């Protein structure tokens, strides 16, 4: 089971809040893709934008290039920290080693890192998510909505983070129907990250699943996910979105195939972190955004799963109170 | 014609002068093109270039550039060995990634103590790189498969293999969302030195390895029989065959040596940075190497300059973003530099050829013309 | 026929008139104030040394080069050509010194390129093209097959394709730049017959050749070019070959004749039963006999070739190009694998040796194509000195290249062999063909070879360099060198060889006594015409 | 003197060697054999997707961008210019394709814009290589770098201001119509689902190529014979090819070599751009930063695979597209079935080597390979994603090393040409 983000405290006392009068300068370092990827990085950007408007922050966002070394990532964080940006937010576990190192060099600067709990330090906040829990629920939804007893999962790149989505989805689907057929496919293998940017492959893989008898496919494939929706539309079948409420963000022409989305509220995490920062209550250590904390969830836009919402809420409750423990590896 | 031009085109070693003039002109030209792009996008070129230079001259960034360029340089040398005999090894990328993964796994197992372990890691990397590259060489000489195709395909196969190996039940160790090999014990890390005053950051000892490889490359190619044969094959395969060079063996040797150097490409990062092969391990250095080898005309010193320039441009993208200039500008600059450098080289080369001919003809034909006029 | 042609020409305008043509290349004046007047319906020969500027002049006339000064008049009117297309439009056609054919295209494609018959505006009318080519081919007895790939043709056929290209465009003025350099006497005669037919039809021909007796035989008028400018215009009836040569170079014609025999009893090279199958039949088991292979339908490039060369002997191989000479040389050099037979050098069986080992064993090699097999054009002379001797003193010490040693020895070759070069650091490409050849000869001699394979050692080389190369060969022979000589220059072959063999279709078909045979007899033996001597 | 051979005096003019020639009937027979093998493998393994209409249709979709890039390579290399910049030109095509379609609200405008975008890349390559005569590989690499950077830069300027777009991707582009051969769709599908030997396979294949084919796909397929026609049957094409074989010969006949090289390289860029536009307009329906994923290089490989000929490269692209479709759709099972096909093919090769070629050693090696592949097939049930991901690449390598054909590239390919260099 997960613990509440608000309850999580770190051993070391957090340092004094910055003077509220001075405009805080927030530095944010993106993972590959950067702002505009309509996925993971954009979610962080949304949180930043919201906080910026509300708290009147000054912000600076830096993007990364593919194929960087840790040293180059460190340099990005160092540049921000040494140019007076505080706090500094690193998006993605790729920054794990760099945040750990640079945070130690700048003890007066607050750091936050998303999707990583390894980089620890008195001035580091780790914003992590229970993707498997949210995925469990959409897995259950898929199984409940599937008429053919056959569902699919399309992952962008076969990395442990995406495997967490798969693990949760599979567990959720099996919880509903233990003999359900589940097809899975990853579009590329690391370090080939094109699987996150190849809608054509996403479409082909999903078509293969629909042709293979699936009627619901869940995608955790970043920019390739659009292809999955296209395939669903063409096959007259159903799809499940990821990260944000994609029934809202996807193009109107395909939005109606998206029965639900697994919400991973990176925007909320970033926003919360900045809010705490401005109010001087940032806590170091892990903030776990799980079902209980509302950090992951499923969406109901479009009303396609209204009929099964009660069942899903039941599963949700069981996970929150620990009756069901969702696996994190397939 | 003036005595000055005479000297310039005649007796002065042209290579020395133009080897410097051409790239400098090209970089200036690339700067002009970039300025135009900046102006169109509404940014100030002056600000941009000042920031670039300011950033690039901070001690920290200097160290970063030096360390990054070590890997770039090794990759360029690996590519250049092939190029010198007309082999296009696009596969350096796959070679170094596979090599680094297996070497990291061996190193992480801590079979040997201290320095011996680092040497073992390097040895494994070199062997794996060489073996993987030799597949393309063998396919070429036994089955006539173009190395351009086979190395592209072998890159993809290497990706699949590393993906399969780097899983929790094989060579990988899961920690949070990251997966990597068991870290290499500390006593096997490559040493570094705080050479640049003003920063505690260390210059990695693989910079020295890269320099040694560069010197070795130059010596091997220019001073040894093997190098002579390799260059001869590259310049004219039929002439090499007639001179007794076993071209098939040269193809395999060149691929093996290229692959062995490729195996080293991941070592600066593995033994001097991350100490494990993980999802974060840099990919794509093989392609960077192609660009740098071409930029440096496969010349040991030229490639060093190219590697430093490339590393400088890479490190500058952060500084540009601080000015709200999009980082893609760096890529545009890189491409423009490559293009303008080669065009500058080509123009200089043409000028040199004509000048050399003029010199030869003049020295030979002068008495003849007098004689001819008398008839 | 000469007289007749001249009398008709007097009445009409000249077909081509060049005045004051000057062309400068970087550092070289290729043509200087050249004057040339070619009468309509004449075969007008142009002679001159290597590099005298003949080809340049013709390229100017053909629009491939622009003159710096001077005027070109065609049939009386001044013209200015920017591209060969303009010249073709004016009725000029040119057969170049080096073949201008794409190997991987068919004869038809090579011929029609640039003036393709079309149907529907876009598509090539292959039918019409084929018909026209056949007609032309029949009319002039060229015997050209339109759909053959050029790479499968021999040199004679290629030459005819080149002529066909010109005729196809309806040229009235033909430029032939050294068309006979690669032909045997018999083919030369055929070519001349063709030319006479053309002239009878009113065409004008400009003809370049180094073979002065040929020139005298066929030309109606002769212009001599020396060092870029016209030095004389003569009538063939009024000069001898020797006189012409003196006009060209100002010296006497050297002769390739060898005086006394130096042949010994010691066998240097022994080749027996050498057989080579053509590629494309899949692997053939080693040692299969030639008979067996032929029975299996395998095409043989070399068939059961046997001969010996003694110490101090020059063995000449005569044959039309493409009859297996190149393969024979490559087999002896170990550059191509053979199907059956043995090769031994000084008693040792070298059949299985690599090229390198054979070279180390004392075989020197002057290749037929110096640019392809003999030199690294973009490497300096001293590196070219190492080529082929990269395991031997003074070029190397162990695995290291001995730069100082190689450079010193290069300088020695340059001095001893009179290689005209400003230094040993210039690229080989910067030397003229003759000087390149001298460097190669010097290099191959410096390994103290026991056997020298010399393919066309003086091809395209001017008279002076030719004489020097012959001298070197004779001296080495006197010192005990065995030489395998292959040449298309039959005078050279007859003059230098101690014994002569004729190769035809990959087989040795005749043994000839060089002391008794004439070039004409040899020529017909080479084409299998079957006249016994 | 005795002349023992008295036949006519031509040099050894090669009588046509017993060379294997791929004629149309041979090709058909080969394809039929392959379908039979696939059918057998399908029935044995139950991997029914390997000949399904969906697979064939997906294969077509995946093959088209590769084939177009390959055609681009063909045009350029036939004119003697090596084009490793196909990837960059393709990237330009993806961007401009999407932009054109959005800007002018028509997918066909996107097609045109994509081709123009790629052609601009081609023009830069032509300028560098033809006019300045620089090393063709360097220029290509530079274009790949610039193409990527430039489109990313443009996306930030253009797409991020559009509704539904962003810095990394465009909004969804207008869709293009598709084509069905009427009346046979459902019957074929029914037949395919019967899972009969051979009949169902043929039905599946026919269904894949006749149903739901986008007009762009048809255009792309037509470009293959059109390229053949233009390059091999017209005066224009002959001149282009002569520039790749022997530019000085072309020059000496009044052909403007620079002009034809320029045209060929620009067409090359345009075709690669079309390949990119297909990706963004048809395959994906949006532009996405990085969506080419190295297809330009694969296109280059397909062209070499196809021996610098349109039909051959189409075959290479089809092979790649097919195996890619297999692995993406029902990866584990389909690729597992493919192992059986490979084993059967190898067995056939071994028999051929033994009986027809009498090459015992080679046959032995092939035989061992057959057993090894079959053993892998027998002891596994499925192939992990990590391995299926490189199925197309491995297949390409295997086919090339088995075919061991002597590829022949244009004689002057990659050789810089300068006017007036004729000797």
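All chains are identified by letter, namely A, B, C and D, in their written order; residue positions are counted from 1 within each chain.
We take it that contacts are C-beta pairs under 8 Å (C-beta built on N, C-alpha and C of every residue); 3 or more make two chains touch, one makes a residue touch a chain.
Everything numeric here is computed off the predicted structure, so don't read it as measured data.
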_Steps in the shortest chain-to-chain touch route ending at chain C and beginning at chain A_ = 2
*In whole angstrom, what separates the CA-based centres of chain A and chain D?*
37
*Centroid distance [mean C-alpha coordinates] between chain D and chain C, Å*: 43
*Could you please state the distance in Å, as a whole number, between where the Cα atoms of chain B are centred and where those of chain D are centred?*
30
*asked:* Two or more other chains touching the same residue: where does that happen in chain B?
replied: 156, 159-160, 163-164
*Could you check chain C for residues that touch two or more other chains and list them?*
none
_If a residue has to touch 2 or more other chains to count, which residues of chain D qualify?_
156, 294, 386, 389
_Going by the touch rule set out above, what shape does the chain contact graph take here: line, ring, star, complete or other?_
other
*So which chains end up touching which?*
A-B, A-D, B-C, B-D, C-D
*Where on chain A does chain D make contact in their complex?*
33-38, 42, 158, 183-189, 194, 197-201, 203-205, 207-209, 211-212, 223-224, 226-227, 230, 251, 253-254
*Contact residues on chain B for chain A in the complex?*
60-61, 64, 67-68, 71, 97, 156, 159-160, 162-164, 166, 168, 174-179, 269, 273-274, 279-285, 288, 314-315, 317-319, 321-322, 327
*Quick one: in the complex, what on chain C touches chain B?*
25-29, 32, 226-229, 231, 333, 335, 354-360, 365, 367, 372-379, 383, 386-391, 396, 399-401, 403, 420-422, 426-427, 430-431
*Complex contact set, residues of chain D against chain C*: 1-15, 17-19, 229, 233-236, 238-239, 241-242, 245-246, 248-256, 357, 359, 408, 410-411, 420, 422-423
*Mind listing the chain C positions that touch chain D in their complex?*
55, 59, 62-65, 83-88, 94, 96-98, 100-105, 109-110, 112-116, 118, 122-124, 148, 152-157, 165, 186, 278-283, 297, 299, 301, 320-324, 502, 504-507, 509-513, 517, 521, 525-533
